[in-house]
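Next, two complexes with subunit A in common: one pairs it with subunit B, the other with subunit C.
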Partner chain A sequence: MKEIDYLAPASLDEAYAALQNGKTSAFLAGGTDIIVQLREGRKQVDQLIDVKHIPELMRYGWTDGGGLAIGASVPFAEIYEDAEIARRLPCLIDCATLVGGIQIQSRACFGGNIGNSGPAADTVPALIALGATLTLGSREGTRELPLEAFFTGPGQNVLAPGELIVTVNVPPQPARSGAFFHRFIPRNEMDIAVVNVGARLELDAAGERIAGARVSVGAVAPTPLFVEEAGAALVGQAPGEEAFARAADAAAAAARPITDMRGSIAQRVHLTRVLTVRALRRALERAREA
Partner chain B sequence: MTTIEKPAYKVIGTRPIRPDGVEKVTGKALYGADVHLPDLVHGAVLRSPHAHARIRSIDTSAAEALPSVLAVVTHADLPAVADTVIDTGEGVTRASDMSLNVLAGDKALYRGHAVAAVAATSAHEALAALDAIAVDYEPLPPVLSVRDAMRADAPLLDENRRTKQPDGALSDGPSNVAAHSRFEGGDLEAAFADADAVVEREFDTKMVHQGYIEPHNGTANWNPDGTLTVWTSTQGAFAVRAMLAELLRLPVSRIRVVPMEIGGGFGGKIGIYLEPLAALLSRECGRPVQLTMDRTDVFQATGPTSGGHMKGRLAVKDGVITAAEVSLAFEAGAFPGSPVMAGAMCMLSPYDVANFRVDAYDVVVNKPKVAAYRAPGAPNAAFCVEQLIDELAREANADPLAFRLRNSAREGTRMITGVAHPRIGHEETIGAARDSDHYQSPIEGPNRGRGVASGFWFNAGMQSSVVASVNPDGTVNLIEGSTDIGGTRASLAMQLAETLGIPYDDVRPTVADTDSVGHNDVTGGSRTAYASGQAVYEAGLDIQRQLVERAARLWECEAEDVSFVDGELRHASDADRRLTFAELAGKQMETGGPLQGRGSVVARSPGAAYGVHVVDVEVDPDTGKVDILRYTIAQDAGTAVHPAYVEGQMQGGVVQGIGWALNEEYYYNEDGRMENASFLDYRMPTSLDLPMIDTIIVEVPNPGHPYGVRGVGEVPIVPPLAAIANAIHDATGHRFTELPISPRRVVEELHHLR
Partner chain C sequence: MPMRRSHVQTTLNGEEIDFLCEPRQSLLEVLRDELGLTGTKEGCNNGNCGACSVILNGRVTNACCVLGVEAEGASVVTIEGVAEGDRLHPLQQAFLEEAALQCGVCTPGFIVAAKALLDAEPNPDEGRVRHWLAGNLCRCTGYDKIVRAVLKASDAQEVTA
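This part shows the complex of A and B:
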C-alpha cells in the first residue's frame, strides 16, 4: 500500500476545493469499506478526504414537512438510538442495526453505504422503499435525485467528479403506511446479504385495499433494484398472501443475479420471492399499527 | 460421570486458573509477530496467480537492483535435499516435497504457491519489490477435485508419479493417485447376500480450514558462524527444527527454534512455510528477517484439510451391522499425504463389524497441500459411515443410540487393522448420551429434528521430555517443550503437583526453546496432556526418589525406611521424623545440591477417545437456514485433569464441526482460485450462531497412563458433521450427502432448483 495524503476539510467549500486539486480521491467517513479496499489493493487513490468534520454532513433532523434529513456521515448508531426516529421510521432501524456490529455501526453511515454502491448494501432497499432521495453537492451547487437513480453498477454511481453526498432525505411517510427491511444471510451475523428486500405498503382509508407500495431488492443485480412492477401488482389489491405472492413473482422476475460464493442464481431468485413476501407481511403489520 | 471408583486426587479434577491466562487477557503475551530484534527487516512472498503452471523462468534481477531490496530468494537458493521422509508426528512428508512446497520448483501447483521471497528495508518496500520479479508461467489446466484427478485423461501434477498399490507395487502408468490402500476382513459378499437390509450412498465434502486466529509467521536470524535462530508460531518447535535441518542441510544442533505463544493451530501449525524463507533471506542479507501472512495467504497457501468423495454400503441382519464396504478418496492437495488412511481406520472403530472392505485413495489436486486438522480424516469418514448407520437403524426400527450400543466395539474387539481394542469407553459414552436430559426430552414442532453420531480417534503417544527444578522455598519450575494450545501448561503442572503432593500454584510451567529441554514431539494427536503428562509424572517420581534418599541421609537411616506420602517425607518407625516437601527443599545445599527431576518417555498406550453427540435442529425450508437448537456431547476423557479445559475442548470441537457441517468450504472458481479467502466469506460460526453446548465428561480411565488420562482435543470434531446431517434428515426427510449443508444447498435440494 503506497502512501496516501489525508485531508480533513472543515466545510463543504473546503471539501469541494480538495476534490479539485488534481489528485484521485476517496471519501473517508467511517472508513469501514474504504480502509479495507485500500489495504487489500482493490482501490488506489492519492488522497483520503475525511468527511466527518463538515457540519452539514454530521447532523440530522426533521424537516418542516415531517421528513428526515440525515447528514451523509452521521453514524448509524446515532440514528438508531434516536427514539423519535425509531418510532416514526422503524424501517430505518431495521437496516441501521443490521450493518456490521456495534463498532461498525458507531462509525459507518448511510452516506458511506450508499457511496460505496455495493449491490448488496443493506441500507439501500430500506431507503428506496421509504422513497428516499439524495442531495449531492459540488462547487456548482446542489442537486437532488431519487436514491434508485444513483447507482450505475457494482461500486459505481452517478456522482460526478467534484461532487459528494451531502444528505440522505427520507420524505414524510404516507398515512396508514408501514415499511420493513429484511435480509437473508447464512449466519446470524458477519455476512453480506444473499438477498435483501425493503417494502412499504400504504393502505386506503378503510384499511381494506393497498393504496400504494414500493418494493426494492438488493444483491440480485449489478445495482439495488427498485421493482415498480411489484408495487404495481399490489395497488388496488386486498393486502394478503395472494397479492404478496404476485408482488413476489414480479420481484423475482426483475432479479438477474449471479452465482458466486455468497449464493447461486436459483437460490437468489427463490429467496427474492420468499423475502418479498416476508417483508410485505411485516410492512402490513406496521401499516395497520400506524 | 465416572465408571470406576476414582482415586482421591487432590489436584487432578480441580479447575485452577491457567498460568498463561493473565498475560493473554492483558495483551502482554508475546506472539510470533511481536518479535522485534535489532536490525530486523521485513519480507514478502511472491505467490503463484495460477493453480497449475510450468515455471519457465524467474528473473529477479530488477528486484535485486532496487535500493530498498536486501535479499531475494527462489527455489534455486534451497540446497538439494535427500529423498528422505520426515515424520512430524502428525503425518509424514517427503523432504523433497516439502522443499518444493515452501518454494515452487519448475511447477506452481496451486494458486498461492510461494515462488520467491524478498527482504527489504520496509514491509511496504518488500511488497512493492515483488512487482519487479518477472516470472514466466506456462499455465496448465488445473485439477480441482478427486473425481477429476482420478480420470484416466486428467492432467498430471507430476508426470513421474505412480500409484502405490495395496500390494506395495507401483502402477505402470502415471497417475494423480499417490496411494491406494485396502483393508479387508470376513466374507463381504456372503454378508451382503444374507442381509435384512442394505444401504448405499455416495458423499462429497469440501476442503476446509482450521481457521486459527493467528496467521503464520516466522522470524529468522542466520549468523555468519552458521547458527540459525528461528522464532515462530508452531505446534512443535522440535519438528520445525528437524524440518529446517533437512531443508537447509544444517546440523540439528546449529538450529534453535523458539516457540512463541500460539494463536491456535488445530494441526495446521505443524508444517513449515515462512520459516525456511526467512532463514534464507537472513543468510543472504545478514540481518534478522520477519515474514508474516495475511488471512488470504493463510487460506490459499497453508494446509487446510481434505475434501473428497466417499462411497459406502452397509448391511444389517437381526439388528447387527454385518458388512461394510467403504471407499474413500481424499484430496491431498499439491503433494501426497491426505489423512485418508486415518479416516479409513477410524470410521468403523466405534463398532464391531465382522465383514468389511475399505479402500483409501490419496489423490493430488491443484490446491494447497493439506495439513493436519483435528482428528484428520475422521470427520469426513464419519460423515459417510454415521449417516449410513442412521439409515440402518431406521431399517432395523431401532433407536439410533440403542442400535449403536448393540453394535459397539469394546475391549477385545478388533479394528479393521486387526488390532484389538484395549479398555475403551464407547458403550459408557453412548449410555451417558442416552441418559442425558437432552436425549430424554422429546423434540417437538415442525421442521425440527434430532440426530446422533459417534466418533472415534486413536490419540497419539510419542516422545516427551521434561525437567523440573525444585526451588529452596518448595516451589517448582517445570520446563517442558510442548506447545500449549489447549491448556496443557495447566494440566501438566497439575499432574506434577499431584505427583509431588504440593499445591498447583507451587508449580510454574514454562514452554522452553529447543536448546533448553529434551526432545518433544509436536502438540498434536491429542497427546500432550497424556504423554507429556506421563513425562511429568516420571519427573515427579524422580524427585520423590531423590527426596527419599536425601531424607535418609539426614536421618542417617536406610532409604527403605523413608516414605513419601501426601507431599511429606516420613520415617517408617519414628513418627517424629517428618519433613514437608518445602522443608526438605530448603536443605538442598546440605543434602546433595540442586534438586532436579527428569522425565523422558515414549508413550505407547494413548487410549482411544470416543464421543457421542446429540443435536436438535430447526430447518427453515424457505430460506434453507439450519438453526442448532440444542447440542449435547458425551465424551470419554479417561480422567479429566482440568475439567473446564476438557469441556472447552469438547465445545470447541463441536463449534468447528458445526461450521464444517453448515457453511465452511473452499469455494473455487474453475481456474482454481479460491474466491472466499477471507473470514467474511469463509463462514465459520460466530457466537450468535451457536447454542450453549452441553458437555458430559465420561471417565473410563486409560490403563496406559498413571492417572488414567486420555487425549480429549480431537475426537469432539468427529461426530458433528454426521450428527447434524442426521438431524436435518429427521427434520426434513431429505438426506444431504454433500457438505456444507448450506442454505444454498438446502433450498436447492428441497425445492429441486438444480
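This part shows the complex of A and C:
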C-alpha cells in the first residue's frame, strides 16, 4: 500500500472538517473492501478517515414510528445478534448473515457495503425491498434519499465530496407484510452473488390480494435494480404462482447482465426469474405470519 | 522522505503495550514484522482465508483487513495468547489429539476463530462449527479432523467447567 494518512474523527463535525482539507479521502469502516483495494492498487487516496469513532455511525435504534435507524458503521454481527431485529425485520438478518464469514461480519457494515457500491452488494436488494433510505450528512446539513437513488454505476454513487452516509433507515413496515432476501452462489458460503433478490409483499386486510410489493435484483446490471414493474405486476393479484411468475418475468426483463467468470447472461436471466419467484414465496409466508 | 510513524497503545494478549507503525501497515504486518509475533499467518492477504484471524475487542476478525493504527485503545488476542503459560488450551490439545493439521499454516487461524466460537457458545453442534469456520480455509486436512477437534474441545471444556 502506498503511504497514507489516517484520521479518526470523534464527531461528525470533525469528519466534515477532515473532508475539507484538500486531500483525497476514503472512509474506513470495516475495511473489508477498502483496505484490500488500496493494498492491491485498485484505488488510491491520500487519507483514510476511520468513521468508527463517530457516535452517530456506531449506534442503532428503533424510531417512534417503529422504523429502524442503523448507524452506517454498526457491524453486521451486532445487527444479527439482536433478537428484536431478527423478529421484526428477518429480511435484514437474511442479508447480514450472508456477507462473508464471521471474520468479515465482525467488522463489515451496511455503510461499507453501500459505500462500496458494487453491483452485487448483498445487503442492497434486501434494503431496497424494505424501502430503506439513507441519511447523508455534510457540513451543509443532512439530506435523505431512497437507497435505490444512491447508485450511479459500478463503484459509483451520488455522494458529494464532503458527504458521508450517517444512517441507513428502514421505515416502519406495512401491516400484513413480509420480506425475504437470498442469492445464488456456486458454493454455500463466502462468494459473490451471481444474482441476488430481495422482495417484500403486503397483503390486504382479508389476506386475499396483494396490496403492495417491492422487488430488487442485484448483480444483473451496473447498479442494483429496483424493479417497479415487478411490484406493479403483483398489486391487486391473488398471491400465488401465477402472479409470482408475472413478477419474475418483469424482473427478468429489467435485468441487463453481463457474462463473466461467475455466470453467463442466460444463466443470470434464468436465475433472476427463479430467485424472484422463490423470494416472493418466502415473503408471502412471512406476510402471513406477520 | 522519512516514514511517518504513529504511536499506538493497545492491549495485546492481556498486556498493555505500545508500538510505532506506519498508517498503511495492516495489523497483520505489525504483529509479524514489528512485534515479532509470527504465530498469526498470512495466507491470502485479502480477507478470504482466515489464516490471520485475531480477536479484536472480543470479535474474531482478519488482521490483514485491519490497520495497525486501528488497534489504538483496543484489545487484541492472537494465537500467542491462547495457551495459559505451558498449559495448552483445550482446542490446542484437541487439534494435536485429532491430528487436525498437516502443514499447519491455517492452524492458528482456525484455533483463534474456534476459540471465539467456544467463548460465545460453549456447545455448538457440527453444523454450527462448520458454518462458523466458513471463513477459514485449509488446503491439507479436508476439514473433518478440524471440525472433530473443535467438537472434542467443546466437550472437554464442559468436563473441566
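In the analysis below, the second predicted complex is superposed on the first by the 290 of 290 C-alpha atoms of A that agree within 3 Å, B and C clash if a C-alpha of one lies under 4 Å from a C-alpha of the other, contacts with A are read in each partner's own complex, and residues count from 1 in each chain.
Everything below uses one rule, namely that a contact is a pair of C-beta atoms (placed from the backbone, for glycine too) under 8 Å apart; a residue touches a chain by one contact, two chains touch by 3 or more.
A quick note: this is a predicted structure, and the numbers were derived from the prediction, not measured.
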Item to complete: Based on the superposed arrangement, let me know which partner A:2 touches: subunit B (first), subunit C (second), both, or neither?
Response: both
Item to complete: Figure out whether A:289 sits in contact with subunit B (first) or subunit C (second), or with both, or with neither.
Response: neither
Practice prompt. In the three-chain superposition, say which chain, subunit B or subunit C, touches more residues of subunit A.
Written response: C
Discussion item. Which partner chains sit in contact with A:263 here, subunit B, subunit C, both or neither? Use first/second/both/neither.
Written reply: first
Worksheet item: Looking at the overlay, what does A:186 touch: subunit B (first), subunit C (second), both, or neither?
Response: first
Worksheet item: So, does A:32 touch the first partner subunit B, the second partner subunit C, both, or neither?
Response: second
Worksheet item: Which of the two partners, first being subunit B and second being subunit C, lies in contact with A:77: first, second, both, or neither?
Response: second
Practice prompt. Once the structures are superposed on A, label A:64 by its partner contacts, choosing first (subunit B), second (subunit C), both or neither.
Written response: neither
Worksheet, complete the sentence: Note: overlapping subunit A surface for subunit B and subunit C spans 1-2, 188-190
Worksheet item: Across the complex, what residues on subunit C touch subunit A?
Response: 3-4, 6, 22-24, 26, 45-48, 50, 53, 56, 59-62, 64-67, 69-70, 72, 113, 116-117, 131-136
Worksheet item: Where on subunit A is subunit B touching in the complex?
Response: 1-2, 184, 186-192, 194, 260-264, 266-267, 270-271, 274
Worksheet item: Which positions of subunit B touch subunit A when the two form their complex?
Response: 124, 127-128, 622-625, 662-663, 667, 675-676, 679-681, 683, 685-686, 688-689, 742-744, 747-748, 751, 753-754
Worksheet item: What does subunit A use to touch subunit C in their complex?
Response: 1-6, 8, 28, 30-32, 35-36, 38-40, 48, 50, 52, 75, 77, 100-104, 106-107, 188-190
